[in-house]
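Once you scroll down, you'll see the structures, which are given as structure tokens.
The same chain A turns up in both complexes below, where it pairs with chain B and then with chain C.
Entry: the complex of A and B
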């Protein structure tokens, strides 16, 4: 009997149970404000998932996931902003305030909702593919890549603040009405919005899980453990790294779109270094080698921040920081590794116990 | 465009470079020696500023004495951190990055709890508050003080690393830890000393930045990314950081002269990324084994 934690069927069952649990929520929660808040946790879950995929399974520590998230969010906010503009009033008000008398080129594709939404996801994904491709082919890895993503994130952060007439500057964008999609209004406080986020989280999780279980995922995990050996075996390390980084960016971009749909707001704060680092904290605390663990990590930390944060307003960051230090120091694989070793304990106990009744002295061969 | 104001920008660039360099000095030592990515470096800078504030406000210590005192205080904090946490993580470089980020959260919030979020100010002697004319450029005296302190520290570090027994040991550990250990060098002790030294340098930087800008619990965050970039571009060596800060400081100032500060910073970030694409090991790569 092996460790149940590594059993694929058991893993899929746990994932199914988890999502079944999430699916029950909108039926039991009446408070639309709470539902909206829970849906934003789903967005954080997606972000933690994307970090886990890229860092836990690809070995690429990405401190700039805020780029993909933020660009996706800006794309979505631009689309939603343009939905409220019409023929007589074609220019968003903040542009008029910045004395811009025509719609900039950058904004024109967003006049069409479909093109806008496709761009909101495609642009960050393309950025990740290009940036990742360039970096990984130069064999930038490990801490260096982390610093580079940090630099890139800061670059985007500063340019968004600087180009105020095009981006709304520090104030960001606040689309005045909720998303219209295919003649249908997605009220951010309705169960519909929750279901949208739920489906994207489910889709992203299944996609990520399938990737990690495929032979592609095995190679990325081998790269994580020893990239030189994989390179000597003839694999294109840079190619694998680029793909996993891009998929992770795609998930984050979708998360960004969902986030703006829920909160109708985006600002440079979404590209802040602190926010990107907190995504890494979620994955690290939940367990970066476990997709589900990372999602739960995000739920726990953000949930605790919302509820304990009010009670321990002044000491919350102190608690979070301290907790994070303890996890990194003593539990480098996060809370999920507790489950793993717990189940492992169970598995090894089970072995001798089942051997006892027939009085067989021979040791049971390990699986 | 007149030549005078461009000259002005160049002189200002030297000042910017010295600010970036002094922020990056401690990080260079820590990263260059132990390979530790210290995300709490910005908070060490902040602690330096608050140490000076405390000494000045409660004990009435004159400002110039606050500089060495901040060095000692923050070095002690760094020493405690190294002994209590970092030394367990040397073989896990990415985890040092995460753990020190946790430390930075704790330090930032801890200081906010003790001192509050309202800005504090450091008082400096009268003579530092004036401006001086350098040709056509006017520059505040204090920026010259920063430049002087930076130059002094770089010189002192050069002496320490290349002219003393301790420096030889540090460089030996940097190149090959095991080999150095087999020659009787206690690498754990070297790491401890360099971490404390790096933290102390951040403390001095904080005492200076507290005058240039206001003292806030969050002030460290604005320096840490730039400091990292200087170290990475420089390749982790002292000379590398000096050149990297010099070049980027000048570029920042000149670009800012043609556009504005924020856009100049954007160009710098992008250029650094492009540069590191072609030279990931930085300007001056470390001799010997790379971790």
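Entry: the complex of A and C
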């Protein structure tokens, strides 16, 4: 009955097939550089997923997802940096260059790998909970919230550049060796690193999917539709918005950690406004109402950028911009809506009242 | 016996305009009270004040012996007050079924709801309300494509899903056909057995059919309160409200 696109079992099967496809990759790809690159796409996929959850399902446009991503990445880079320092040489070289003669308080917890990694995820998540809590309680929403996230992102960007002795400034941090975890070394070019990212992407996707199918997900979709009405049903709109924004931040923070594990590098560029905007573009092109669509959107855009970007150089941005305009104009709900309307054609119609919405009509929440 | 809902000396000013002026009323549990009055009398503003959408300048609102003045909307809703808006407010992008599911708000904690996939008692309640509201055949349709009358029914259904002790209905029959109005009358009479209702309505015919008590507002103040016979016999009411309506 109905459109297969909205069938929960079918959705889970498609997700399973997608991840099975991703799981085959390390068995067929021998080139370790390519494998590393594909793993970074997994990180972008996580970011697109987090945007889809927050924007697509929660209706909260977040232009500052780079905050959670960047803070997570910095936390991980600090942890990895401290792994290469020992008692005879406890201070990272860049601090010495900035004439710091002791390890700052901020860095001390990162001497322990486990505490460091927990902080790398917990600190951005806590930031989202507090910042989101304040904003949503004050009923800041829509474009106003988007602007606040943008401003906050720029603030973090500036602070990181400005506090060079503590953050490495514009140069960022480049931990000299790969992550050591529980006695193992995670070589960023090994299949192990790929599997780590794969597992987190899988875990985050399952988590996000379950959230959207829970009672919580139903309420957030209602809030997206008409937040004013939902208040009078007894739900604390601010509470729901804060939770979904925080979960989305948590996923982005994990993505930040994975990113540094893969590239052994972090700089203020990860908190650049342009990067946070591209996360939104991935979700918009892939289809923000579809978690999987957003992930695929990130794969397509970043994949195209890696291969076509080199060929077209500066023209690439124009092509990307043009593509974005075409999608927003003709497919406001992204590429996933093509699948939705395609399957809609096959759906058995149960009478004139249940006719498929045409392309311009706003569809019901996709998942 | 104190009323389920008591409003004491309520006032609300927007800048220098007094919209509600020292208004008091009391609604007894298990009755249906109609709130009538000419346009601009402050009926919808009173509803906004009761449900916490706007905060009063002064005065006190007591619901079930609890002071709910100026509390947040969702706190007031949780204490057992359901509201249907004047302009029907349904979740237009969601299906009729989803609208009713969301309205079944027994568990409102976001963390608990993260782990809830099946809600106990929902299906039975949903079937019951959908049948009552005549929306059984429309459950999988998007609420945005419903006709005006059906939208009214859906919102009434949503309020019923909340299982409130007090239902505030702002112009529930606007845009309904004769048949639909008759059905509404039947349902409201039924509801009165288990709940308390406050209905804002212009249609005096409808008010005559359902009201146990009528409260007439004029210029933000109480003009008269009593049974429909008393109200229709009240010279002052005839002058400011009923008279002009019959003339129209």
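Going forward, the second predicted complex is superposed on the first by the 347 of 367 C-alpha atoms of A that agree within 3 Å, B and C clash if a C-alpha of one lies under 4 Å from a C-alpha of the other, contacts with A are read in each partner's own complex, and residues count from 1 in each chain.
Convention: a contact is a pair of C-beta atoms (placed from the backbone, for glycine too) under 8 Å apart; a residue touches a chain by one contact, two chains touch by 3 or more.
Note that the structure is predicted; figures quoted are calculated from it, not measured.
State whether A:222 touches chain B only (first), chain C only (second), both chains, or neither.
In the superposition, A:222 touches chain C alone.
Would you sort A:338 into first (chain B), second (chain C), both or neither based on which partner it touches?
A:338 sits against neither chain B nor chain C.
Could you look at A:321 and tell me whether it touches chain B, chain C, both or neither (first, second, both, neither)?
The answer is first: A:321 touches chain B but not chain C.
Just to be sure I read the superposition right, which of the two partners does A:138 touch: chain B = first, chain C = second, or both, or neither?
A:138 sits against chain B, while chain C stays out of touch.
With the two structures laid over each other on chain A, which partner does A:130 touch: chain B (first), chain C (second), both, or neither?
In the superposed model, A:130 contacts neither chain B nor chain C.
For A:10, is the partner it touches chain B (first), chain C (second), both, or none of the two (neither)?
After superposing on A, A:10 lies clear of both chain B and chain C.
After superposition on the shared chain, which partner residues are touched by A:96: those of chain B (first), chain C (second), both, or neither?
neither
Please output the residues of chain B touching chain A within their complex, sorted ascending.
Touching chain A from chain B are residues 35, 37, 85, 88-89, 92-95, 97-99, 101-106, 108-110, 112-113, 221, 225, 228-229, 232, 260, 262-263, 265-266, 269-270, 272-273, 276-278, 280.
Any idea which chain A residues touch chain C in the complex?
Residues 2, 210-211, 213-216, 218-219, 221-222, 224-226, 228-237, 239-240, 243, 353-354, 357, 362-365.
Which of the residues in chain A come into contact with chain B in the complex?
Counting only chain A, the residues touching chain B are 61, 134-135, 138-140, 142-144, 146-148, 150-152, 154-155, 158-159, 161-162, 273-274, 277, 280-281, 284, 314-318, 320-325, 328-329, 332.
For the complex, give me every residue of chain C touching chain A.
51, 53, 72-74, 77-78, 82-83, 85, 89-95, 98-99, 101-103, 105, 107-111, 113-117, 119, 137-138, 140-142, 144-145, 158, 162
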